[in-house]
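Heads up, the next two complexes both have chain A, just with different partners, chain B and then chain C.
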Partner chain A sequence: MITNWLDAITERMTRSVAQRTSRRGFLGSVGATLIGGAALPLLPVARAGGGDGQPAPPSQDPGDPTSCDYWRNCSIDGYLCSCCGGSMNSCPPGTDMSPVTWIGTCRNPADGKDYIISYNDCCGKNSCGACFCNRNERDRPLYRPGTANDYNWCVGTKSIAYHCTVTLILGVATTPS
Partner chain B sequence: MYRTEFPLLIAMLVASPFVTAADLARQDYILNCQGCHLADGSGAPGKVPNLKGFLGNFLHVPGGREYMIQVPGVAHSVLDNGRLAAVMNWVLENFSRDQVPPDHVPFNADEIGRLRADGLLDVNTRRAELLATIEKKLGVKAVTAP
Partner chain C sequence: MRAVLVAWLGLITGGALAADLPVDKVGTVLTLPQPYPAHWVWVQDIAFEHMLDGKMILVDPRATTLREQFKGMFNSSNIAAFAQSTTRPEVYVAETFYSRGNRGQRSDVITVYDKPNLRPIAEIPLTGNKRASAMPGRHALAMSGDESLLFAYFFTPATSIGIIDVARRALVNEVSLPSCAMAYPTGKRGFSSLCANGSMVSFQLDAAGKVANTKVLDPFFDVDADALFEKPVIANGMGYFPTFNGNLQVIDLRGDHAVLGARWNLVPEAERKQNWRPGGAMLTGADDAGHLYLIMHPDGKEGTHKDGGPEVWVFDVAKQTRLQRITLKTWGLSIEATGGPEPLLLVTNAEMNIDVYDARTGKHQRTLAHFGQETPLIMHAAR
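Up next is the complex of A and B:
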């Protein structure tokens, strides 16, 4: 008795679904859901330091890299390599880049994003002496050595003589630090 | 037919976590650890201990698990206990997966809070003792001792 009743209900529901939908429509919606789901990770979302090597520079990079006001210099304490025969990304000839660095974030005014910046010191010659900047945003006291920029960060280089500092972009910060 | 699945896709987009826990742990590593331990965890010989292919060895010896959290760089981190636990688990998984014992239980916030409050006074001596035990038990030497 009850099975007949269940059969009737099921049949009615099945027929009603079959009338309203098509099998291809169902496959289409499953496909769209799967592809939509698979495409989600591909959306242009910031991923901190995603991948190895130097990330692509931001499409908008306003300002003068030889000025202390330039956005990437927000936490710097030292001489800008851009003024010392190097660039934002490369050390001047005769110096080598310290692998051990001071890492912070700076906001790019053009796109409003926070970029993770590595302040690598270039070491091996005496102080460059040009374009000294001391902006110190998010600089911490010496008892927080990992985020104190008053230290000599020439660590792991042949020489500990500090010359100037570069500002490498490691990625976009996904959350405020 | 798109009447039904567009709202579904939009719901999935809205609900999708754009920043995963692993993304946050990776970023916390970059901003709080990478400056000295470097992007691949290899450190600087004679200056910064190597994590790569080694850190998990500490989990094989008594006191090693505790030491990993009691070292000043970890215990004094600005990260809260939960994020610190996530970073430590991320570091073990990404830099030293092959050394982590199979029965390893990941760190959680409570354990981190307890251990970091119990810091080390003489780090170098403790480290030397643990490295000696690791070498004796596992036959491996630290690549870069500080």
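Up next is the complex of A and C:
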């Protein structure tokens, strides 16, 4: 429930203070990503249906996917599908995964690598209502859709009704040479 | 039993002495004054938890009781976009419906409501069903300067602007955008859009809604280093676009195409060390005097641009100076300034209520709560 947005903000600020030292260094290093250079518009990513959907062992993919703190959630805006009958990379029963998405670049604390995360919305039912999470690292305004989490990304699905969001790993971010 | 008997006798006795209340007329429905008072505001509730069922609530924020505050409402479906006419007694809502609620046949329309009755008086089909569904802004649906056209932002995810002839109630054209978004009214019958490469494109249209001329500005900002918020205020044809890092880019939208204006730092030198930055869901507002209102937060860094903040700063954009810092009673996420000579500052706070401040003094006046709102993330001063 979004009965108090302040709770979510406060929780995130507390977390951000705790992680500030490492995250600041990280932020400076990933201006350019796997998807595009700093000067190029990032294109929406079409990946739904790809991959085997099998999660990595917990030791390599640490954290609680039902928590806003979970490392893959660094640029998410919506309900965590892990709280809605789905998982961090699978939509809940009866929903449709959006084939186009926005992407984020999140650091996995287990291996220190920066991963490109695709935030696919699960669509066709009303908002899940559980585990709202809004984090905006490298989120950019609507004029750059590929990194804009303000869109309802239930685009190309049978219904634009937004339910929740999954966090798919697309690959490890690399800096163009 | 004895008490009941006494009460019953009292009722009979009293009834014999007092005149009967008149019989109420069945079917009375109120209408609203025209024009609306300048300080009224449309509160847009996107109903984040059930977006099918958003609503626009017309509110008098100066009133002290709920009975006086709540003036009326209508529905707005699936994160609608909203625009107001100043020359016709109409408002417009770009929205999306399905034949079976959240499923079935999709139909995107602009619903036209009349201001006195808040009734739908026309429906303009957005053929192709490309309407953008996104967190609400003030420029996903916009009126041209002469109010003959409406501009509706489309996203499929290819981006374009639907051109609607208001008088004909018809979608008459669609202008493809070169990786750009939103429609900022420009000149008499045109619009400008911000682009992913840090530029801006302007289109001027003819009376039929066809493109008469186009102009592209060279890139003038770095989207990664210091992005322009796509949520400016436009006052007297001048666009004021804050940036993530606390600068203000002025863009002149009065002519046929956008012209870059001044760019200056909103944060005085002494406060820059504290990393004060703009941020929020709808972080900007302007009053009739042209003063700019902006939600600000300290300790800003990458990713804090939607956090909202504990203060609203007020700027004289002509003099490029800060007039005031208003400390908010409760953390703010979205703001709006009302019209008229004595503007109010309205703040959607983190508890999803709306705090009302005297915009000149910054003094908190009241909190609007329990008026049926859930996620009132954007407000539009009534016109």
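What we mean here is this: the second predicted complex is superposed on the first by the 116 of 177 C-alpha atoms of A that agree within 3 Å, B and C clash if a C-alpha of one lies under 4 Å from a C-alpha of the other, contacts with A are read in each partner's own complex, and residues count from 1 in each chain.
In this text, contacts are C-beta pairs under 8 Å (C-beta built on N, C-alpha and C of every residue); 3 or more make two chains touch, one makes a residue touch a chain.
What you are looking at is a predicted structure, and each value in this text was computed from that prediction instead of being measured.
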Practice problem: Classify the contacts of A:139 with the two partner chains as first (chain B alone), second (chain C alone), both, or neither. | Solution: second
Quiz item: So, A:109: does it touch chain B (first), chain C (second), both, or neither?
Solution: neither
Quiz prompt | Per-residue touch tally on chain A - higher for chain B or for chain C | solution = C
Quiz item: Thinking of the overlay built on chain A, is A:62 touched by chain B (first), by chain C (second), by both, or by neither?
Solution: neither
Practice problem: Give one of first, second, both or neither to describe whether A:151 is in contact with chain B, with chain C, with both, or with none. | Solution: second
Quiz item: Looking at the overlay, what does A:100 touch: chain B (first), chain C (second), both, or neither?
Solution: both
Exercise. Could you tell me which stretches of chain A are touched by chain B in one complex and by chain C in the other?
Key: 40, 100, 144, 155-156
Quiz item: In their complex, what parts of chain A are in touch with chain B?
Solution: 21-22, 25, 28-29, 32-33, 36-37, 40, 45, 47-49, 52, 99-105, 116, 118, 144, 146-147, 155-156, 170-171, 173-175, 177
Practice problem: Quick one: which bits of chain C touch chain A in the complex? Just the residue numbers, please. | Solution: 48-52, 78-79, 96, 98, 102-103, 106, 132-135, 137, 155-157, 159, 179-182, 193-197, 222-225, 227-231, 301-308, 330-331, 333, 349-352, 374-375
Quiz item: Any idea which chain A residues touch chain C in the complex?
Solution: 1-7, 9, 12-13, 16, 24, 27, 31, 38-42, 44, 74-75, 100, 124-127, 129, 134-145, 150-152, 154-156, 158-162
Quiz prompt | chain A contact footprint on chain B (complex, rising order) | solution = 1-2, 4-5, 8-9, 12-13, 16, 18-19, 23-24, 26-27, 30-36, 38-39, 44-45, 47-48, 73, 76, 78
